[in-house]
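In what follows, subunit A forms one complex with subunit B and a second complex with subunit C.
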Partner chain A sequence: MASFGYTLLLIAVVVTAYTISMAVVGHHTRRPRLVVSAEFGVYALFGLLTSATFVLVYLFVTNDYSVKYVQHYSDRSMPLFYKVTALWGGQDGSLLFWVWVMSVWSAIAVVQNRDRNREIMPYTIVAMSVVCAYFLGLLVFICNPFETYLATAPTDGRGLNPLLQNPYMVSHPPTLYLGYIGWTIPFCFAIGALAHGKLDYAWIASMRRWCLVAWVCLSVGLALGGLWAYEELGWGGYWAWDPVENAALIPWFTGTAFIHSIQVQERRQMYKAWNMVLIILTFMLTLWGTMMTRSGIVQSVHAFAQSSIGEYFLIFISVVFVVSFGLLYVRRSQLAPENSLESVVSREFAFLANNWVLLAAAFFVTFATMFPSIFKWVKGEQINVGPSFFNIWMIPIGLILLFLTGVGPLLSWRKSTGATIREQFTIPGILAALTFGIFWFALGIEHPAAVITFALSVFVTSTILQEFYRGTRYRMKNAQEGPIDAFVTLLNRASRRYGGYIVHFGVVLMFVGFAGNAFKLEKEASVTRGHSVSIGRFDVRLDDLVFEDDGQKNMVTAKVSVFELGADQSKATPIATLEPAKWAYRKPEDQVTTEVAKLMSLRDDLYLVLGGYDAEVGTAALQLKVNPLVNIVWLGCAFLMFGLTIAIWPARQRATQPSPLRRLWPSIAGSGALLIGLMATVLAFI
Partner chain B sequence: MSSAKIKILLSVFVITGASAYVVGDTLFAENAEHLTYFHNADVVLAQPEAMTGKRIRMGGHVEKGSIFQKKGTLEYQFDVRPVLAMVTHQDVAEKTLTVRYKGTVPDTFKEDAEVIVGGALGADGVFEAKELIAKCPSKYEAAKKEAGTY
Partner chain C sequence: MHTRGKQGRFDRYLVTVEALIGIGVVTAILGSSYGPAPTVTFVFASVALAFTAFVLFKMVVSLRDPSLDVSGRFRDEERDRLEEEKRLLLQGIKEIEADAAIGKVDAHDYAHLRGTAERRALAIIHHLRALDERWMNEAKRQASRVVPSSTAAPSPRASAGTESAAAPSTRHALASAPPTSASVIEVRAESTSSAEPSAFASSVAGGRAAPAVLFDDRPITCKINQATKNDLICDGCQASSPLDARFCIGCGRPLRSPSDESKPDALEDR
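Moving on to the complex of A and B:
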């Protein structure tokens, strides 16, 4: 069975070669039938890789431990669910998964464009196939997931670490992949357009939704990674500026810049070359991120999977760089802007500023991630950088971005007059100033970054509310509709615009959550049975220490009651019981897992870790943390998904739509389902 | 020169200037709060006087059988020995250094694990750690990275 899988990969290599040659020959000899044949090559690749992926899953499910990859990442005792998802548990399988997703998305893109963008399709197909061929090459020659043991095969696998047997860890990698690979498709279209020379807005228009979907996948993937760290790793945070996290964040910056600046190209036929640069950079940075975490060129406090594929990535990135920017140079005259910037008080300039800030963020995070390596190279000494190093620059950058989130959408195209600016920004400006005053002077909170974040959040939120209010009022007046009908029609008619506002609101919520970090409380305490310890507004009493064993693991659980202290710190009302625990698994290798217990609310999380215990005396060593506003981050992510669903929902013709509410329901249902799914996963862990 | 060219030149200038500033600022601000020197345990063992009181990060392996946790507390004491592959002072390659730490330890902290401790060497020759990071000897981190990277 394993050799069958490998054979499928070999056939896939041949098919991509066929696809590339058919597309090139068909394009240059003007024979559309050959191009159609190339498209069938893309479908064939999809079929072959789907089969190969299923073969690997089958090997996992049937416990075929003669296959090295299966033996490394699973064992007999694992539930079926985790056996299937062990597919992306390691490098070789994740590469197969990567190229499989790539083939799925290529096939979808080709089907969608069977009747449109015909001129640019041949080279788009070539670009897709070259990317697939590169990854197939890695699979076939360097990291073959179907490699078997030559000697006698082991009877059981090594198992997947319990820390990875977690729903977040199952959903996080594929979501990130969808995002990463999602950006590859628009890149291929950009190459197709550059190669053919048809450089109008058409291809970007048909790729707009792709980009948004890729963007939301990457965003949600990052958030899920944060949730996993927060739930499972027990250090009480969700983001540590680790190189692995940064690798996914850097292309997110350039991708975000791209989805903003293509709107300028759509409306004003400007920034054409710039948009090309952004999409090429985004794709290159996804490759770069992959390489950075693989090749060992970046030292991390985490153990990296070191492997030899780093240099192959470097070669591929260089090829992508030379080809893409070479094409861009050749086509530079066709990418000249048709309009020029008329004023700095215009939406196109706000978008440009947004792009620059995002690019600065991408540059800085890349630099800071590489910094220890650069430092060692320059000074010969080894250093480590921590989150504070990143925060020096990322906090101001984030605040500028937040400000632009409020300003950009309200400025007019071409030039905003003084009257427009007064009309748009008077109320939000006053509200922001008031917020700043209240937090800084009245409440005496002396965290500049946090207070500015709150003020800017109020600013952006009020600009958004103002837009919704004015839009609804306008419709009520002009179309004689009731408020609800007017609101729903608004969302429906201008779904891109108002969906975008909801996404922005989600971003605002996330910033509010980030600002909560400034007010973290932390405490360590040894508590004896019956005694209690207080932190912030909470009083935590240890009721009991329980020792259990379920055969698979030893479990120590601290049963604690949580009380809320009154204003004078005296009257305590019981609000919950929590059970932080420590589990020691017998296999693999006496792995210990810390089971965090949390009391969640929108206001804050009480986060309890059982660090140690004394069974004889009945003492538990607890680490207590209060993380204010942390759940607002996840809520913001939900709004982001909801807004995006609205923004990409296809606008349908008016005549076929009886009621505006009915037109909107699929989008509401869709995002509702996503939200419920997310909540359910969260709730499953409380 | 056309105004477009001036704009481009100006942009390039601003971008390079800003980048150079960030690079220079971080690279040459010697005692910046956010930079921590990293040493393998043998460097600390070889020159304890020079190292005493300096805020550093130190790498090493947790010596087998040396982990001691004061019961019912979060106070740990353990010995680290230098990471062999990085040793520069051969004479102390086999020695160990005692580390004291108070706080929760990562799940990956166990005997033989590669750890990084952040803190300073005390006058009594014991390393007082304020932070403790453990690399995983097994494949979990590797697997996490691999799974999360593409």
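Moving on to the complex of A and C:
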């Protein structure tokens, strides 16, 4: 079966080569049938890689340890659930998964464009196939997931890393991959447009929705990763500026810049070359991030083992750089702007400023992530760049971005006059100033970054509410509609605009959650059975220590009762029982994981970790943390999904649906997304 | 034809259902021996392989299908590009209107931005109209090629004796055509006999009575064309504005009647 899987990969290489050649020849000889044949090649690639992926899953579920990859990342005691997800648990399998997702996206892109963009599609198909061919080359020649043991095969596997044996293993990597690889499709359309010289609206129209889908997948993937780290790693936070986390965040910055900047091109025919630069950079940064994660260049708690594929990635990135920017240079005259920037107080400039800040963030994070490796290469010494270094720079950058989130939508295209600025900014400005005053002077909170965040959050929220209010009022007046009808119609008719505002609100919520870090409480205590320790408004009592074994691992669980202290810190009310634990897996040998216990609410989280124990005395070393507002971050993600669902809802359906119920579909779908997000948050509470 | 289409669809559904039942039966038989997880994975892999085989077959067959070369030429990419740009411009105009209505843009900027967008949109509409005419002429040329050779050699009786009778019927056909008749392909018999349309139509419609109009595939720009012919006149400055304008191009006064204002879509962004 393993050799069959490898044969499928070999056929896939041949089909990809065929697709590339047919697309090129068909376009140059003006024979559409060859291009159609190339399109079938893309579908065939999807079919072949789907088959190969299922073959590998089959090898996992049948415990075929003659295959090295299966033996390295699974064992007989693992539940079926984790055997399937072990597909992306290691380097080789995750590369197969990468190229499979790419083939899925490519097939969808080709189906979508089978009747349009016929001029740029041949080059787009070539670009997509070249990316697939590169990853297939890695799989076939360097990281073959179907490689077998030459001698006797082991009778059992080594097992999956226990940190990966978590329900988030199902959702986090695929979502992140969907987002990461999703950016490849807009890049390929851009290359198609550059290669053909058809740099008008066609490629923008083709990839607009792709960008939003890629962006939301990447955002949700990042959030799920944060949630996973928060639950599994036991250090009490969700973002530690780990190189692997940063690898996904860096293209997110440039992608966010792109989806804002592209609007300027649509409305004002400006920033055409700049948009090309941004999409090329985004794709290159996804490759760069993949290289950082997989080459062993950077040290990380969840980077893949050191391998030789870094060099190949470097070569491919160089090729992409030369080809993309070479094409951009050749077509530079066609990318000249049709309008110029007339004022710095305009939406065009706000978007440009937003782009600069996001690019600054991307380059800072890239540099800081690579700095230890560069330092080691130059000086030969190993240093670490910790979260505090990132926070020094990223907090101001984040605050500027938050400010621009509020300012951008209120400015008009071309230029804003003093009167319009006064009209738009008076109420949000006053509310922000009041918030700052209340938090800083009245409440005496002396965390400048947190207080500024709260003030800016109020500013942005009020600008969003103001936009909704004025839009609704406009419709009520002009269409003689009631407020609810006007609001729903507003969401339906201008879904992209108002969906975007909801996304902005989600971002505001996330910033509020980030600001909660300033008020974090931490304590470590050794507690004997029957005794208690207090932190913030909580009192924690160790009731018992329980020792169990389920065949796969030894488990030590601390049974803990949590009480809420009254205002005078004396009267305690029992509110929950928690069970922080430590699990020692048999495979891989002596691998110990920390199972966190949490008491969650929107106000704060009580986060308990069992650091150690003394079974004879009955003592547990508990690490206690109170994380204020942390769950608002996840709520913000839910709003992000809700807003994006509204923003990307297909226009055609809305235009042809006359019934009032059907008009509500975007809102219903958006509410569904919000509900799913909220349910995920509630599940996380449990 | 319609019934055959329905029958074909029904046949496809039937085959799909039968295939799914077959897969289910095979899955059940294998599952009882090898366990559910390996069987399900195996079946999925097999279905993916069957799909691959089908697509590879189509990939090879398409190389030998010359009709694909022809069908590809009927797509007008230039038109798609212009339609997309026009859509974005109209969307932009609506957004500017909305921004002006909620006080985000002052009057001067509103006039400038709207005027710029409108000029560009009008240029595109004109360009689209030209493309339509070109397309129509090409279609007519193609249609005239299809006309059987018998029509090119009318009978002496027809050419000699019925010309005067044919002329009224042709005039009638033209008079009854819609105002935007440039978009309608007609069988014109100005210089030939009245028998010619019937002969042509018979060849197309299989002997049934021939309509004067072969097909009416009116492009969307004809509607715009029709609309722009009936401009709105401003009560204030008497300037002429397009039918779909809300404000006068000359003085900016609202143009729409209250009944029209009951369906605003200025905030629509797509």
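We adopt the following convention: the second predicted complex is superposed on the first by the 643 of 686 C-alpha atoms of A that agree within 3 Å, B and C clash if a C-alpha of one lies under 4 Å from a C-alpha of the other, contacts with A are read in each partner's own complex, and residues count from 1 in each chain.
Please note the rule applied: contacts are C-beta pairs under 8 Å (C-beta built on N, C-alpha and C of every residue); 3 or more make two chains touch, one makes a residue touch a chain.
Remember, it's a predicted structure, so these values are computed and weren't measured experimentally.
Superposition of the two complexes onto subunit A shows subunit B and subunit C fitting side by side, with no clash. By the touch criterion stated above, A:Gly289 is placed in contact with subunit B alone, subunit C being left untouched. Look at A:Gly90: by the touch rule set out above, it reaches subunit B but stays clear of subunit C. By the touch criterion defined above, A:Tyr69 lies against neither subunit B nor subunit C after alignment on the C-alpha atoms of chain A.
Contacts of A:Phe375 after superposition: subunit B is touched, whereas subunit C is not reached. Within the superposed three-chain model, A:Leu164 lies in touch with subunit B and out of touch with subunit C [touch as defined at top]. Contacts of A:Val609 after superposition on the shared chain: subunit B is touched, whereas subunit C is not. By the touch criterion stated above, A:Phe639 is placed in contact with neither subunit B nor subunit C. Of the two partner chains, subunit B is the only one that A:Ile383 touches; subunit C does not reach it. Subunit B and subunit C never share a C-alpha pair closer than 21 Å once the two structures are laid over each other. Within subunit A, not a single residue is touched by subunit B in the first complex and by subunit C in the second. Those residues of subunit B whose C-beta lies close enough to touch subunit A in the complex are 4, 18-19, 22-23, 26-27, 33-39, 57, 69, 71-74, 102-107, 110, 114, 116, 118, 133, 135-136, 138-150.
Residues 37-38, 41-42, 44-45, 48-49, 51-52, 55-56, 58-60, 62-63, 65-66, 68-69, 71-73, 75, 77, 80-81, 84-85, 88, 92, 95-96, 98-99, 101-106, 109, 112-113, 261-270 of subunit C touch subunit A in their complex.
In the complex of the two chains, the subunit A residues touching subunit B come out as 72-73, 88-91, 94-95, 97-98, 158, 160-161, 163-164, 169, 172-173, 176-177, 180, 225, 233-235, 244, 247-248, 289-290, 293-294, 301-305, 340, 360, 363-364, 367-368, 371-372, 374-375, 378, 381-386, 388-389, 392-393, 524, 526, 528, 588-594, 609, 611-614, 616-617, 619-621, 623.
By the touch criterion given at the top, residues 15, 18, 31-37, 40-41, 43-44, 47-48, 50-51, 54-55, 57-58, 61-62, 80, 115-119, 198, 200-202, 205, 266-267, 410-417, 419-420, 423-424, 467, 470-471, 473-475, 478-480, 490, 493-497, 651, 654-655 of subunit A touch subunit C in their complex.
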